[in-house]
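Lettered A, B, C, D and E in written order, each chain numbered from 1.
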Amino acid sequence: SDSGGKQEEQKADAGSGNVATTPRIKVALITHSKAGDTFWDIVRRGAEAAAQKDNIELQYSSDPDGAAQANLVQTAIDSKVDGIAVTLNKPDAMMPNVKKAIAAGIPVTVLNGGLDTWKQSGAIGYFGQDERIAGEATGDKLKQLGAKKVLCIVHEQGNVSLEARCQGIKNKFGVVENLNVDGADQPGTQATITSKLQQDKSVDYLVGLNAGVTLTAVQAAKDAGSSAKIGSFDMSKEMAKAVKDGTVQFAVDQQPYLQGYLAIDAIWLSKTNGNSIGGGEATLTGPSFVEKSNIEAVEKFAAAGTR
Amino acid sequence: MASTIAAPADADDRVSARSIGARLLSRPEIGSLVGAAVILVFFLVTAEPFRDLNNAGTILYQASLIGVMAVPVSLLMIGGEFDLSAGVAVTTGGLTAGIFAYQFSVNVWVGMAVALVLALAIGLFNGWLLMRTGLPSFLVTLGTFFILQGLNVAVTRLTSGAVASNSISDMDGFTSAKALFASEFKLGGLTIKIIVVWWTVFVAIAAWMLLRTKIGNWIFAVGGDAASARAVGVPVKKVKIGLFMTVGFFAWFTGMQLLFVQNGVVQSGEGVGKEFLYIIAAVVGGCLLTGGYGSVVGGAVGALIFGMVQLGVVYAGWNPDWFKAFLGAMLLLATIVNLVVKNKADAR
Amino acid sequence: MSTTESFASEATGSPTTPVVHLENVGKSYGNIHALRGVSLSVRQGEITCVLGDNGAGKSTLIKIIAGLHDYTSGTMSVNGEQRHFSSPRESLDSGIATVYQDLALAPLMSVWRNFFLGNELTKGPFGVLDAARMKRIAQEELTKMGISIPNLEQPVGKLSGGQRQCVAIARAIHFGAKVLILDEPTAALGVNQSGVVLKYIVKARDAGIGVVFITHNPHHAYLVGNHFVILKLGRVALDTHRSDITLEQLTTEMAGGSELEALSHELRGFDPELVVGPEETTKPH
Amino acid sequence: MSTTESFASEATGSPTTPVVHLENVGKSYGNIHALRGVSLSVRQGEITCVLGDNGAGKSTLIKIIAGLHDYTSGTMSVNGEQRHFSSPRESLDSGIATVYQDLALAPLMSVWRNFFLGNELTKGPFGVLDAARMKRIAQEELTKMGISIPNLEQPVGKLSGGQRQCVAIARAIHFGAKVLILDEPTAALGVNQSGVVLKYIVKARDAGIGVVFITHNPHHAYLVGNHFVILKLGRVALDTHRSDITLEQLTTEMAGGSELEALSHELRGFDPELVVGPEETTKPH
Amino acid sequence: MASTIAAPADADDRVSARSIGARLLSRPEIGSLVGAAVILVFFLVTAEPFRDLNNAGTILYQASLIGVMAVPVSLLMIGGEFDLSAGVAVTTGGLTAGIFAYQFSVNVWVGMAVALVLALAIGLFNGWLLMRTGLPSFLVTLGTFFILQGLNVAVTRLTSGAVASNSISDMDGFTSAKALFASEFKLGGLTIKIIVVWWTVFVAIAAWMLLRTKIGNWIFAVGGDAASARAVGVPVKKVKIGLFMTVGFFAWFTGMQLLFVQNGVVQSGEGVGKEFLYIIAAVVGGCLLTGGYGSVVGGAVGALIFGMVQLGVVYAGWNPDWFKAFLGAMLLLATIVNLVVKNKADAR
């Protein structure tokens, strides 16, 4: 091929840094992700980077089912890991086993979800964003951009953090309607959004709750002949391009890479140096807005899959 | 007490003639057609944008997303088997083409050819293993389902470092391939996606093949009673393996559509759960889960019902929380109408 | 317990009143009128043979009595009461046991479980199956019929056609109370087994049970029947008592007379060295 | 085309060399040895009757010839060549057509599609099914056998037992080339239809086809058979030519002699007014 | 050329005796047991924490999460039917108890009783509709599946304003109920969750019922050949409806476990997809998809295989990207071993 392809992009590869000389330890990262999700891929990449640097053997596992995720924590305890980083999006299911791990002397950090509950579990740190605050910031942003009616596209019905984002937007903005789509089915999502835009022509702003869905929404708006503008949560390589060429107005970034990185690094720091990142308080990794004005700074990291 | 009653006339006069109408009503797909009509009327009444003919393109597109795969899945079901790997095989097809073209920096069409070979090989493997072991297809294809699902994610990460394949939208051959799989055209005020045209063509060919050729006859036979079919000399193994490979071919086709409609990028986690939508479309369309009975047109109508309900709820502007509940009620409604029609037809 | 004993102890009622009486019964499957205006009486202590060509409606008729189908016109009375059976259970509970031509056994279940299906023997307070007793009885009944099934734990689907038929017959005879219906029971059976089944039919009759016996074999029918009903295209073509008909007449009636003539004529035309002479073909089968 | 024509044009080879020859053939299903050391020859222009009790192994034997099962010991040669059929297709391609006892038709498919299943007629370059021609031929062949099936588009599952059997037989006869195997073809048939099938068997024989005919009816067997093989518990108990045996001897051999005596003795004990006398029971069925 | 061969002895000497071993080998569950043993050995060798007996509790717990529901699902499958709504019905059960107790501020046990009634009613509805319409259970329960999935989310949001139910952990009766459904105890170094005990009890009762009682006999019969079963007087409708209600009961039980293990909170979106895991467990355990054959113990072993593979991959510390691929390969392996064993058994 004359254009595109792997050979074009290989130059972008970066080298790896030095490795800590501390003894090798084992840390489990346990999330509620489904397989093959872009967002969690970036989280994992951050965690891997930290593990590499800190001479940690990282064990990643995930299960979207609450009880099964809790049992993964038990599995980590059984495997006698030296630390656990865990998402607490379903705190009630997770709490008993997290407490058990802490009681067994395993330091635990919490990432992404569980802002309200992490402290009560006894974890040593929290790294994530407050979804409602992120939503509210988005609501303010939309007001500032002059939106009139907003469609909030929920790609996983019944997911607490997605609901919180839409609720946050609603708190600050008001005229918001939710639309449920199936995030695992892009063409179907596209048709559903198209039909919604055909049904309600007053919608002038779409907000996707992850990068993939937002990019699909771009297509859908085109299909429906709608002039609605588009905003997004979360970043990706393609999203960076879209923000740059103006098809997407803004993306609310919660820096998933940072979440993964810090959750692992915090365990290492605590073990090797007794540090506590955040000093006993939550460390917020977002929201930060990526727009045309600041895309230059983010673009190349997004291309490398770390933003 | 013996009594000899006069013997009745010898000719068999017990059969009252059936009207053409009654005969039409006994086709497998008729029930789903009536079900589709009921749902169409329902949404025409309740959802205003449904009445706008220009939006028909969107509904057809939604239906075609399930409908294309419902074609081979209906055939396979009539042939007495399932394929649980059909959903993820689509993703595998798209990923393979994308990853291969990108990694080896070759023309997109070369990647597509490789993907086609792989998709057919998956079908061959499913069919072969099924015939070799005699295990139920549920089990065999469940194994393939998990394996493909795992490989999709793992190989994508291995090659692209992320969970989506690298975009091939700037590579040679992309534009021509996209025109074939993911373009659209205007027909009056109606925007028709090319996949809808393909869908129609596939349904027509498959329906013709099923009803008018030897192979079609064999498909009914192996699904209805494989042992008897084998006993009269039908090559049961070849027919079944052929059906799985047909699923493979369509998975490739749908995978290409996925690849080109998404600008040359495929998410590796997609496709899971889709296999059931295909099966649902086939069953709603009148195919018997146990094989030996059904129609391709029925499967297409099943996909249409599904598409109409999915978008109808949106067009009607109902509270999205209730969407699934509506969908379920509509499905039950459609199938019960289907049943009532069939019973009525049998009674004539 | 022996079969004869159970017959004797359960049979009641006078032999002259019909246990089952059909009057002008009709049945349609969609646009096919399989039965039209059929009248039939089953009396205790009598064997009623239902005869007729393929597709004449014999099985349809007995499925109505067995409660598997409902009739669409006419009336049926059982023990003097007018009835519409909504399920075979009701028919069974009225003392009618049936051996079907095409429905009988669950192919994946073992022989003894099939034998007692729907009439399981239990013991103890929890209704535990009395497997040992059931196996013993099933074995006894089958041995009495003269077939040997090596392993009662074998699934029925692996038996030969005739073995399966024997299991179904043995079951119906064992559980039959007042009326026993047999739809072509000897069709798949060997000479010996057929003889045994005929013997059983006679025994049941003598124990006061009303028997409906469907067969295509005029010899079998004439050997045991008291009463003959011939169906033709869903209508009763002949209804007569044994004393009013000879075996030859019955055979001719069953075959419809003329067609048989033509056949024997045709067979006569072949090489006599290889085929039997005409005197044997006129008394066929 | 008429059946007789197709027989005449396809039959070849001398009538004395066996088309199918089995030598010491054995077959086990797991721990059940269904056949042991069976030898059998099928010659063109001859009817070989295979007789025997239920479960004797008759169906197993013909399933080996039909390619449905493989044998586990001994040798089978077809047209002089030693063969192990791996599928019924191979057997069919060697000119062997079979009517099975328990496998035959796809119940949900229409009558004419079943008739031509595996031998579909096509027209045009795309191999389009010639439905009209197939329906016409199927109708003709069935009419010749003397059964009327009102609607050929009806699924086979809705036919009566005998009607189904007729469809299977008509098909095998229509497509049979060198050897025709019939496993209890007349079991479910009426007097008329049985007569027609027997006539067809004789016609096929005279056209030079080798016929294997399995039946439980000694009358049917003696009426058409040239050669009789009786199986007992999986072994050949009798192997004789027609000229060496009478109908009475054959009947006695089939029933195993002694058991029949006992039966006629027993039946004699019953009320003579209701049951036939002993002179009729000694020549049963 | 006539030759009369001496008739062989009259007694049936064709059957060679089968050893007890061979007879054991022909049980439906034996294949899955061997499959389970193979997988156990595999992970004992490759995953170090697997060897620690104290971790057996974790594996058993994981298996029980599928295993409890696999009990009624196996029974239902032997009875010839599916229930696609089984997964979400569990969530419905948990949600109902939680929401009812919270909204009406009643004792937790009252909420549980209401949930039980509802769960049984769902089973009754499925069974009744199936029998009434004669539709395949795949379709009927698919409708229920969507309806329940929708209602779970919609009603939860309507009552609690969020997508999870309000916690009832501080309400009357919570502690006693939790002790029953979600407590744990020590056995040597082993921590046993009470659900594992319940699971064992259920499997034992159901297996006994299936093999040793009249009802069990009827379940086999209605699954093997419903028409024949009806003809001999088995109350086919009652048996099938009863089976669906059994699924309802177990869905309630599992829902209670879910509620109490999660501190009185249930996520309304959960449970989707679980129905297939139950079916997989049953099928891997030797139940025939078409009914009439199988065993409850087999279903339990199927769940155990699934649990072992799920956690074995984690214990072994393998890259989770490959997890699904491993799972698929393991499943195929287990079922092929299953098959080989069965063939061996039949040949003896």
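Simple rule for what comes next: a residue touches a chain if its C-beta (ideal position, glycine included) is under 8 Å from a C-beta of that chain, and two chains touch if they have at least 3 such contacts.
None of the values given here were measured: they were computed from a predicted structure.
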Touching chain sets, computed without chain D: one piece
Chain pair whose interface holds the most contacting C-beta pairs: C-D
From chain E, the most remote chain by mean C-alpha position: D
Chain B-chain E separation of Cα centroids, rounded to whole Å: 29
Centroid distance [mean C-alpha coordinates] between chain D and chain B, Å: 43
Averaged-CA centre spacing for the pair chain C and chain A, given as whole angstrom: 74
Contacts with 2+ other chains: residues of chain B: 12, 14-15, 149-150, 153, 157, 273, 288, 321, 323-324
Chain D: positions in contact with at least two other chains: 32, 148, 150, 256
Contacts with two or more other chains, residues of chain A listed in rising order: 35, 157
List of chain E residues in touch with chain B within their complex: 129, 133-136, 138-140, 142-151, 153-154, 157-158, 273, 280, 283-284, 288-290, 319, 321-329, 331-332, 335-336, 339
Chain C-touching residues of chain E, taken from the complex the two chains share: 12, 14-15, 23, 212-214, 216-218, 220-221, 224-225, 227-235, 288, 292-293
Sites on chain D touched by chain B in the complex: 66, 68, 87-89, 92-93, 98, 100, 103-109, 113, 116-120, 122, 126-129, 131, 148, 150-151, 171
Chain B partner contacts - residues on chain A that touch it in the complex: 1-9, 34-38, 41, 154, 157, 178-180, 184-188, 190-192, 194-196, 198-200, 212, 216, 219, 223-224, 236-238, 305
Residues of chain E touching chain A in the complex: 49, 52, 54-55, 58, 61-62, 65, 152-153, 162-164, 167, 258, 261-265, 267-270, 274, 310-311, 314-315, 317, 319-321, 323-324
